[in-house]
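So, here's a batch of structures to check.
Both complexes below contain chain A, partnered by chain B and then by chain C.
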Partner chain A sequence: MASRYAFSIDLDRCIGCQACVVACRTGNEVASGDAYITVSEEIRRKDNGFWGSFAHKRCFHCTEAPCVEVCPTGTLTKVNGLTAVDMAKCSACGYCTQACPFHIPHVVDNHVSKCVGCLDQVQAGEEPWCARTCPSNAIRFGEREVILAEAKAKVAKLRERYPNAQVYGETQLGGLGLLMVLLEAPGVYGLPEAPQSSATIQTWKTLVKPASAGLTALAAGVMGLAFVFARRQHAKEHAEVHTAAPVEAAVVETPAQTEENHD
Partner chain B sequence: MTDVKPGMVQRYKLAQRVVHWLGVGSFLILLLSGLALLVPQLAFLAAGGLSRVFHRIAAFGFMLMPIVYVAIVPHDALELLKESFTYTLKDLKWFKHMPAYVLGSTKGLPPAGRINPGQKIHHAMTFVMFVTVAGSGLALWFGQSALGPEGLAIVLSVHDLSMLGLTVLMIGHMYFTFLYGALPAMTTGFVTEDYARMEHAEWYESLSPQTVAMTESDDQTAA
Partner chain C sequence: MPRPSVTRRNFLKGTLTSLGALASPAMSGLNAAARRLTRHLPWYKQPATITYNYCDICPWRCGIIVSSVEGRVVKIDGNPNDPKSRGRLCARGQAGVSYMYDPDRLKQPLIRTGERGEGKFRTATWEEALDYTAEKLLAIKDKYGPESVAFLGHTSGDFWFTDYFAQAWGSPNASKPSMSLCTSPREEAATLTIGRAIGNHEPVDWDQARCVVLLGTHIGEDARNTMMQDLANARENGAKLIVIDPRYSSVAMKADVWLQIKPGTDTALLLAWMNVLITENLIDSDFIARWTVGFDELAAHVADKTPEWAAAITEIPADQIRATARMFGEARPASVIVPGRHVVWYGNDTQRMRAVYMVTALVGGHGRPGGQFFNKTPFLEAYPHPPFQVAGSSGGCGAAPGEESDTLSPGPTGKVRADGVRERFLRGATAMQELIEPMITGVPYPIKGLVTYGSNLLHTIPNVPRTIEALKALDFVLTIDILPQDHVAWSDVVFPEATYLERHDELWGCGHKTPYVTMREPAVPPLYDTKPGWWMARELGLRVGLDSYFAWQTAEEYIDRRLSSLGLNLTKLHEQGGVMVQKGKPYLTDFEADGTSPFGTASGKVELYSEALAAAGHAPLPDYEPTPDGPAGFFRLLYGRSPVHTFSRTQNTPALNQLMAENAVWVNDATAAELGFADGERVWLENQDGVRSGPVPVKATPRIRKDCVYMVHGFGHNTPDMKLAHGKGASDAMLQTRYALDPISGGAGMRVNFVKLVKGS
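On to the complex of A and B.
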């Protein structure tokens, strides 16, 4: 296995045939009505004109993945550059749906739903279903360095016709595991130029979460120790009160005994 | 509720005790099921949404608690709310003695009313954090899709920190309960006159003569 895999999608080659969508749903046995990847035809506005493109909505497999950061159950993890999904662990809390800067993960049937990178196929030495099926060779998969070099070479050629052509995802969020060959600037495709991992989520994860658990445990420990001392102190005081006042001792005796019964 | 027990005074009515234990039960379920998403070793409890089922049922009971309280004993509920947010200069004197009180000594402790100043702070903080924990919980339950990354992180932080506060308050609450043997107040509803005199002298003094007469069988000098 390679150490760091990546997909690439060449929007110059994509013919919008939906073969990848069908292959993905079939190969991964995706529940009816759900899909890990979608391809749609979009009309976009550019330079006061209109222009069409295919839009691939699917996981970008970020290296510094906000969904992995926020996942509390270990369902989402990074494996060889891909964002893997362990469905059995998912609690469907939905935190990933809010953390993802690309709005990719969604919750279906009580678990997360997004591209799983076909890790089972890859580990068996096969290509992911979408790359294997694409008839126009627009979807590629392999060692990230190789895929990136291939995409850059394609962009160099495209620049003759499309001066704004570029590879999307080389550096964003630590480098995306899905590189897009774009004919225009990312904004034209509705892609964020610089997707960010939320600093507030980082604070929550590295500070608030451990502090909540840790301080509770600390408080319980300190109070446990103090209790032993305080209980002894109070027992002593209780005894003093009852022996220091012999006149009242007789009348106080009854409630004192009652309290002991309750202890 | 009108039980008369020699040497004992009633502190909480049946309705108040029922509301208290409804709160305890739902809070503990909320705490344990919530830990499934906080402690990685407990994450298996969350798989398939199992812990969420318990969390939401308990959340319903927890949020119902103040509503039930106001519905069945409105006078007591409002009195508790009022007392918890009313502080006097006298309370300052009590707080000076609080460190000794924490360590088991009631010597020199200024006489306290039905709710001592420490309990007032405890209740006031509980009220505030009840609102923040329930509010952030409802936001996660019904408004999650509108939160976005920043909103999610803020709401989760408020939820976690409120639970940190409430759990520490609960541990402190149990600490004083077992230190001063006050558990019967919430089980039978009655405390010993001894306890009432040592911990809540003003309250004990203020009890109507009938209440004291009813509960005191033969002790005329105690008060």
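On to the complex of A and C.
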């Protein structure tokens, strides 16, 4: 196994066919109604015509993954650059859903649900299902350095036609394990330039985790405080999450029909 | 639908569990153990059986590898040995598992008990259903002759009924929607112009193309696996892409130039391109001199078809027409217009398709690297059988069109096709929609029996009210299908078929750059009381006196005999990965080397000017013929494909239904605002004849012209027996009460219908 794997998605090649979505569903036996990947159209007016691309919503496999840092049960861990899930450990607390700056993990049927990079396949020497099937070969997988170099080379090629083309994820959160070859600035795709974890995770990192290391009794007390704090924070974010309609909208609606017109 | 965001209850529970985790590792351990027990071992960690197949979810027929665990199909992947899939597969192909395990499948043979159309049936044994069917078919044959039974088929098993059984039985009235409701114009235009078929796999030499034109073709939404691969690679290699569509399609995003053409004016654009290519000398003079006839006539014909002339018709600025013609010409001869698949648009479609091949010919693209290559059909001997009672004329994606066009083969009682060929249209495969009228009127002779195989009559043939009238008038209707599609309710007998994953089948031999043969073997035994098509055809054949045509006992025996001509059998083909690839002859140089011509026309050349058409009283050079606009307040109804559905076949497939449960009607956003329709508002669509379908949500978007609306084909299923698809979306077929008959190919141009939006859900 490589030391550090990564995906890349070349949005110049992607034609939005959703083969990855169904390959992922069947390969990973994803529960009916759930999905690890959604693909939607991004269309904008440009000059006298349009600009269009597809947007993929799926786990970015951050190196400094807020979900891993916040997970209290060790369900989420980093394995060779991928963010793995040990389903048996999940308590469905939902911290990860709050911590993720991309709103990716979600709780379904009392456990966390998100792309795990087909770790079982990778460990068996195979590519993840999505990369294996992608008809336009837009999804690549391999050693991160190789994937990153390939993505950079593609961007250099794209610049003539798309001056704002760029690799997304080279440095963000310690470097993402899913690199995107974007045709435009990240904001166009609804991606944060500098993704950060939420306040909740900061509380957890600075207060709860250090405290719990040696001082179990104190930890219980702090936990109580954190609980109250987190509840407030949650109530606040809950509203935001719903108005922003992040993951659930993409999962529930028909992605092929989902499109934003910005005119 | 589960909400991924945390509910308050979950949050509390989760927090308590986390506290528990801190306080009591033992408790957490118990929880985990309990959860582990409920999680089963992933399928890929269990021993899997591999079988080879070709996909039947769409007509592209990718080679696939099917994995099964403990008698259950679990995963389908592209077969790396297959020239079409090359190891990859689209969303629909991946969803084949879901299609097979659809709980709404037809499960047992059925015999009608209520009125036709009511959908009331009783279950029957195969013995009873077959005996009853045989009796009914023989009664029609005795009274009217075998020609009075029509065979309408689709999907990859249709060979057994639409081709093999129909020809043995003696009916020339066998047809597939893949011809007159899809590709007939492009096939007849190709036969007339380059003397070759296009066939199942459009012979576009993507690998080396430097300029590719998509004329109304929306690759990506129309998700042909290989084409999506080829398109991405061609662009990566620097090919220019010109997309012509009234709608900013998915693939328009990828285009170097998108031309938002006025619907129905494509031929004007093509004529203007020829004008520019010729006047600016962006042509391949050597190719034209050596391999074409009628260039001078063509040059004279397009002399006044200037970009300015076309601009007024197409509503594309003249400078864009000129610029794209130059882009195409400058890349010569590695320039090609993709022939497209569904080309029955306005009734003058063969002439438009001739113009398509002529543009490619002017730049010398035929048989040149990066242009349109010459496909070749694989060598494979037929199973020996007595001479058929009638020659085949049903065509189909995989057939060799043109063969049926020279002579009309009469059936055993002397009757030729009832579809009006030679009278109302010139040539081509049997026109499916033209077989409906004789079922009602008995002219030119009665059609009293109907065998349908996998063809969704009420979502396929335009003028649905007429089809229903015909279904009422028939003496007998046998339907063979996987799902209780809308037309099943109109049957007297229903044979439930095993899916492609549960049966052996005829080999698939595909005309290609590298011709090849693939196999189909069952991954698991048939579910329920379903049977393979070959078995039904044979059992029925034995009951109607066609024993001599069914000398073989099993499909394996039949296939092994055919494969022996390649030194193979099923076992060996399986062992070598399910595919046998042969050598092709794709380029002009391959023919120049042996001094033959690749062009099967009378002249052995590309016929820019068509003597054959002139002799038959048709225009020897394509003209732009205006298609009438709709009534005031109506929009031209355009339709197309979704990457997650095939025709009207997969709307009930759970994995695909989840991705797209209904269609929407695309309306120009400014127009929608003027009319007072909001984005997402549900409306009814009402056509020029007062027929309604819907309701569907409005997709108000600037991506479509103001004079047309667009929807994905295949929705609006009426039958409650398809529970997921029932009542979802609108049916474009229902709204196509009119069509324009192509006087050359018999194609049914369906983009001549207009709809208005009506408030109310």
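FYI, the second predicted complex is superposed on the first by the 195 of 263 C-alpha atoms of A that agree within 3 Å, B and C clash if a C-alpha of one lies under 4 Å from a C-alpha of the other, contacts with A are read in each partner's own complex, and residues count from 1 in each chain.
FYI, a contact is a pair of C-beta atoms (placed from the backbone, for glycine too) under 8 Å apart; a residue touches a chain by one contact, two chains touch by 3 or more.
Since this is a predicted model, take the numbers as computed values, not measurements.
By the touch criterion defined above, A:Ile9 lies against neither chain B nor chain C after alignment on the C-alpha atoms of chain A.
Between chain B and chain C, C touches the greater number of residues of chain A. Shared-chain residue A:Ala131: touches no atom of chain B or chain C. Shared-chain residue A:Ser53: touches chain C; no touch with chain B. When both complexes are overlaid on chain A, the residue A:Ala99 reaches chain B alone and has no touch with chain C.
By the touch criterion defined above, A:Ala23 lies against chain C but remains apart from chain B after alignment on the C-alpha atoms of chain A. Of the two partner chains placed by superposition, only chain B is touched by A:Ser198; chain C is not.
By the touch criterion defined above, A:Pro66 reaches chain B but does not reach chain C.
Note: residues 72-73, 88-95, 97-98, 111, 212, 216, 219-220, 223, 227, 230-231, 234, 241, 248, 251-252, 254-256, 259, 263 of chain A belong to the chain B contact set and to the chain C contact set alike, using the contact criterion stated above. On the side of chain C, the complex with chain A involves touching residues 1-6, 8, 10-11, 13-15, 17-19, 21-23, 28, 31-33, 35-36, 39, 42-45, 74-78, 87-95, 97-98, 219-221, 223, 225-226, 228-229, 231-233, 235-236, 248, 250-254, 258, 642-644, 654-656, 658-662, 664, 669, 699, 701-703.
Considering their complex, residues 66, 70, 72-74, 88-95, 97-99, 101, 110-111, 198, 200-201, 203-204, 208-209, 211-213, 215-216, 219-220, 223, 226-227, 229-235, 237, 241, 248, 251-252, 254-256, 258-259, 262-263 of chain A touch chain B. Interface residues of chain B, counted against chain A in their complex, comprise 6-8, 35-40, 43-44, 46-52, 102-107, 144-145, 147-154, 156-157, 160-161, 163-164, 167-168, 171-172, 175, 178-181, 183-184, 192-195, 198, 218-219, 221-222. Those residues of chain A whose C-beta lies close enough to touch chain C in the complex are 12-13, 15-19, 21-23, 25-29, 32-34, 41, 43, 45, 49-54, 72-73, 87-95, 97-98, 105-109, 111, 113, 120-121, 124, 132-138, 212, 216, 219-220, 223, 227, 230-231, 234, 238, 241-242, 247-248, 251-252, 254-257, 259, 261, 263.
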